[in-house]
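Every chain is named by a letter (A, B, C, D, E, F, G and H) in the order it is written, and numbering of its residues begins at 1.
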Amino acid sequence: MTKTWNIYLSGEIHTDWREQIISGASDRGLPVIFSSPVTHHESSDDCGVAILGAEPDKFWHDHKGAQVNAIRTRTLIGQSDIVVVRFGEKYKQWNAAFDAGFASALNKPVIVMHGPDHQHALKEVDAAALAVTQTPLQVVDILDYVIKGNLAGYTQ
Amino acid sequence: MTKTWNIYLSGEIHTDWREQIISGASDRGLPVIFSSPVTHHESSDDCGVAILGAEPDKFWHDHKGAQVNAIRTRTLIGQSDIVVVRFGEKYKQWNAAFDAGFASALNKPVIVMHGPDHQHALKEVDAAALAVTQTPLQVVDILDYVIKGNLAGYTQ
Amino acid sequence: MTKTWNIYLSGEIHTDWREQIISGASDRGLPVIFSSPVTHHESSDDCGVAILGAEPDKFWHDHKGAQVNAIRTRTLIGQSDIVVVRFGEKYKQWNAAFDAGFASALNKPVIVMHGPDHQHALKEVDAAALAVTQTPLQVVDILDYVIKGNLAGYTQ
Amino acid sequence: MTKTWNIYLSGEIHTDWREQIISGASDRGLPVIFSSPVTHHESSDDCGVAILGAEPDKFWHDHKGAQVNAIRTRTLIGQSDIVVVRFGEKYKQWNAAFDAGFASALNKPVIVMHGPDHQHALKEVDAAALAVTQTPLQVVDILDYVIKGNLAGYTQ
Amino acid sequence: MTKTWNIYLSGEIHTDWREQIISGASDRGLPVIFSSPVTHHESSDDCGVAILGAEPDKFWHDHKGAQVNAIRTRTLIGQSDIVVVRFGEKYKQWNAAFDAGFASALNKPVIVMHGPDHQHALKEVDAAALAVTQTPLQVVDILDYVIKGNLAGYTQ
Amino acid sequence: MTKTWNIYLSGEIHTDWREQIISGASDRGLPVIFSSPVTHHESSDDCGVAILGAEPDKFWHDHKGAQVNAIRTRTLIGQSDIVVVRFGEKYKQWNAAFDAGFASALNKPVIVMHGPDHQHALKEVDAAALAVTQTPLQVVDILDYVIKGNLAGYTQ
Amino acid sequence: MTKTWNIYLSGEIHTDWREQIISGASDRGLPVIFSSPVTHHESSDDCGVAILGAEPDKFWHDHKGAQVNAIRTRTLIGQSDIVVVRFGEKYKQWNAAFDAGFASALNKPVIVMHGPDHQHALKEVDAAALAVTQTPLQVVDILDYVIKGNLAGYTQ
Amino acid sequence: MTKTWNIYLSGEIHTDWREQIISGASDRGLPVIFSSPVTHHESSDDCGVAILGAEPDKFWHDHKGAQVNAIRTRTLIGQSDIVVVRFGEKYKQWNAAFDAGFASALNKPVIVMHGPDHQHALKEVDAAALAVTQTPLQVVDILDYVIKGNLAGYTQ
């Protein structure tokens, strides 16, 4: 029975990069289980108050929600084999950088994904990663190589 | 194969809060395994002397039992993904607070459950938790959200 | 240069047990540094809002304060050699039990101090301790023995 | 001999917030040693190539520099008692969020500082902190309280 | 799916105490996997030289064997939930005490088994254990209680 | 259900020593899962640039590839029960020695394999190992003994 | 300022081997701090009951004492750089073997000292050590070499 | 009082690279303590047998010496802030690569030093380092920058 790899997909939630990686890995038959934060934006923002009671102060509204989300995210990052962190074109995305730092301190191999525009601003994050990618396909290629040893043009 | 979450249910043993959480989680189809201390009060008090021999001094009677119980509780807390700690209306319940501290030092996400009367006295415990609840239903809702991303009114 | 021992004194803040231990240790010439939570009750309750801004909701008032106090207490417990936890006659004192659990999970030797009335209720905490005492003098005697090997009636 | 606290000051480098905290702590006579990343912007960007040789590709220019800086930053964060992370008004500041995540995973108490505009975007970072501040004076007040137990209006 | 408990049985190899525990646990239907050192005495002594080549010096003969055995024993102890250590009537059995110390430092719950004659000599080992037993039946009773909550005379 | 042992096979990639161990273990019916670095030489050298883009500078070509390989190797070493490291007749094989050091610091039992010519040069590596072998058969014999307790001439 | 080495001297308490090592190290001017268990036999046996109250049952008499001693021994072993464990000619000395196992699991370098008669019985302990000595002078020679690089006949 | 940095200098022992780094750091007034393996070649080879008794078999001669050296090297690497590993022109130097792997697994920042000829063979080691240098002066420049923030041409 071969090892199943746990891959945590952190970061940007407005494009379909997760789906591309998941379907790409499925097409290659990789033994992987993907996990991620809750990517439903409104749920993620409101989960704390929806379950635990409303807060008039937005700070505590956010605090409650972020802590409930942390139950999921810290657990899954802590149990993953590889953490992929994508930075999209927009927004601050500090939670993505936070996850990258968190994963690094736990010695998880980190794969970063972002466009060339963010290169300088992300240099500390990139320097802590074992691979810096731009596309979901590159992540799939890395997983295929790391897990099964496949490399197009070499091993087939 | 999705991850199975191990949930430890610590604390008060005189109401049916554990059963409510367990049946609630079952109704939602959550992939969870619950564990808990031995909740049979007399067994828990007497297990040490019943198995290892009677003690005339109540201190050692208690000591033997508490150490045998610790074989179970520390192992299960140490292997859990989430620790839920409930403080009931009555009794000192120092073992519940001990478990909360123990789980915190192990970086386990802690969910606390207690009524509003205990809020001030439990402020240090609450401050170490990622969620402070009052009812079993809230715990089930958190598990449903954390594990499956479900949030009533949002994702359905 | 002999080792200096760091001793954290957790728990009850309404009697002078800390002062008794500190002066007892000083009389014996023990190389110890004592630390403790902030024991000024009102400061401890209000530090969060006094520094970071008022909260209309008592829960967040308490939360802010407890988290600021945790910066101190978790750091000092984590760096101590021995943790002494005293349970007084009154109040819930869940923070004391929390500290005992926290220290136990960090493998700190724990010395508990409490009167005989609390014996049964504290059995789990006692079972995790390496010594269960009733008086400050006993704690001083333990420190004197553990650190310098002194035992009245034996080594003098 | 009282404990000396090591405080790491991470984040924004374009205002004098570090100097304000350092001088404030000095005025209070706090036993602290502050450390920080190299805050000279050009040095920080170019240290890799200046010492180890030029790189025609900006990515590797940045990579070399970020890794040399990491020798300093990860070591100092790893040895600090408290990590303060400030997010300024401008720029992405992903390294600040990375440091906050890194420190959190190492169980370092984190104090965050930022203006109200960033509250929602920083909710995950704030939720991992033990204090969320807006001004250097608040950080000094926290250090004064945490280290010496001083709280203006209470203990003087 | 309930948890399967891994129980390591260390120590004396000249009586059938392991078989008694294993069959007792089987009779109770406990979800346990037992492991142990290689208990075939001659194999255990000679495994090093039999596989890796003879040694004229008995010290290196023993050294090679003990290191090969350590591959097994340290791995299994490190992955066990509970470590049972039995001291028999005869021999030095320093390896049993070594295993008890090794397991203690790894925070494994230790159950010791020995006759009353060894009580004083084993006081440090006993003091590090969570249960001190005399018979295999007591170990089975503890496992039954710890794993399933069964306690004869109480829960049936 | 008996434990499955994870065995990582590090080092030389130009002879069939891995296949010999794998088929030997299979013949014995050992419950083992073997893992290894990618042993396709060209893939291993080029995986970084093939997936992430070409580099004109050979140093960064190598760097990218080595970091992608590290995602695989550090993960598998970190999750293995035993690490076998073989040094062949030729080449520097510093990666093999690196893996041995890495595994040692993680407390993994290390089995080294090399010919007698390398004995003095490998003395530090050998001294950190629990067995020093010369042939794949010896490794299979050790696994058979460690996992099943089989030792030819003794237990059959 | 050169490093001061902390050396814990565990085991036999009936001969002057500790004094020989301490004076030998002093003669060589080694920067070392030695620590040890309390070696006053009666104090060590009775410290628990002398401080915490008498016990009619010898088991609890021993238990109390052993736990008080553990406050000292586990702390000092945990903070030492090197652990020396001596097995004398007589007695069971299971606490010495326990300490060796405890130190090994903490990755402390262990130096064992014993006569040739105990070689076979101590093979597991010896196999976990980095040096097996017979005399205090050999321990001093090792410390002199390890700390200062001195080796008689070579470096002078 | 500023932090003193502990720098371990591992690897090649036939040139004066250590002296160059040490004197360079001294010229810059850096608060550093350097440590290293014993660099006296014959002592390092013979320390085991010289202290613990001769061995007719060269393997055990080497084994004894390598284990005594490990008392020093593993302790000092484990307590260092930065590990510098130099690979010289000649010899296998597997111990240097072993140290690099050992330090990496302990999360120590590693600085590698070697000539361009070794680049491909050392790619895995380089990929685990935070800086790859060729000269002692570069190491001194890195230490000066990392510790004091000095960078020639920028900060003066």
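One rule holds in what follows: a contact is a pair of C-beta atoms (placed from the backbone, for glycine too) under 8 Å apart; a residue touches a chain by one contact, two chains touch by 3 or more.
Only a predicted model underlies this, so the values are computations on that prediction, with no experimental measurement involved.
Asker: Suppose chain centres are the mean of their C-alpha atoms. Which chain sits farthest from chain D?
Answerer: Comparing chain centres, E lies farthest from chain D.
Asker: Given the two chain pairs E-G and A-F, which is bridged by the higher number of C-beta pairs in contact?
Answerer: Greater number of contacting C-beta pairs: E-G.
Asker: Just give me the whole-number Å value for how far the CA centre of chain D lies from that of chain G.
Answerer: Result: the chain centres lie 43 Å from each other.
Asker: Once you find the CA centre of chain A and the CA centre of chain C, what distance in Å lies between them?
Answerer: Computed value for the inter-centroid distance: 41 Å.
Asker: Using CA atom averages as chain centres, what separation in Å is found between chain C and chain F?
Answerer: Centres of chain C and chain F (C-alpha means) sit 49 Å apart.
Asker: If you average the CA atoms of chain F and of chain G, how far apart do the two points sit, in angstrom?
Answerer: 36
Asker: For chain E, write out the residues touching at least two other chains, lowest number first.
Answerer: Residues 67, 70, 107, 132.
Asker: Enumerate the contact residues on chain A facing chain D in the complex.
Answerer: Residues 58-59, 62-63, 65-67, 69-70, 87, 91-106, 118-128, 132.
Asker: Touching chain A in the complex: which residues of chain F?
Answerer: 4, 6, 33, 35, 38-40, 42-43, 46-48, 50-52, 64, 67-68, 70-72, 74-76, 78-79
Asker: Within the complex, which stretch of chain C touches chain G?
Answerer: Interface residues on chain C, with respect to chain G: 1-3, 5, 81-82, 107, 109, 111, 130-133, 138, 141-142, 145-147, 149, 151-155.
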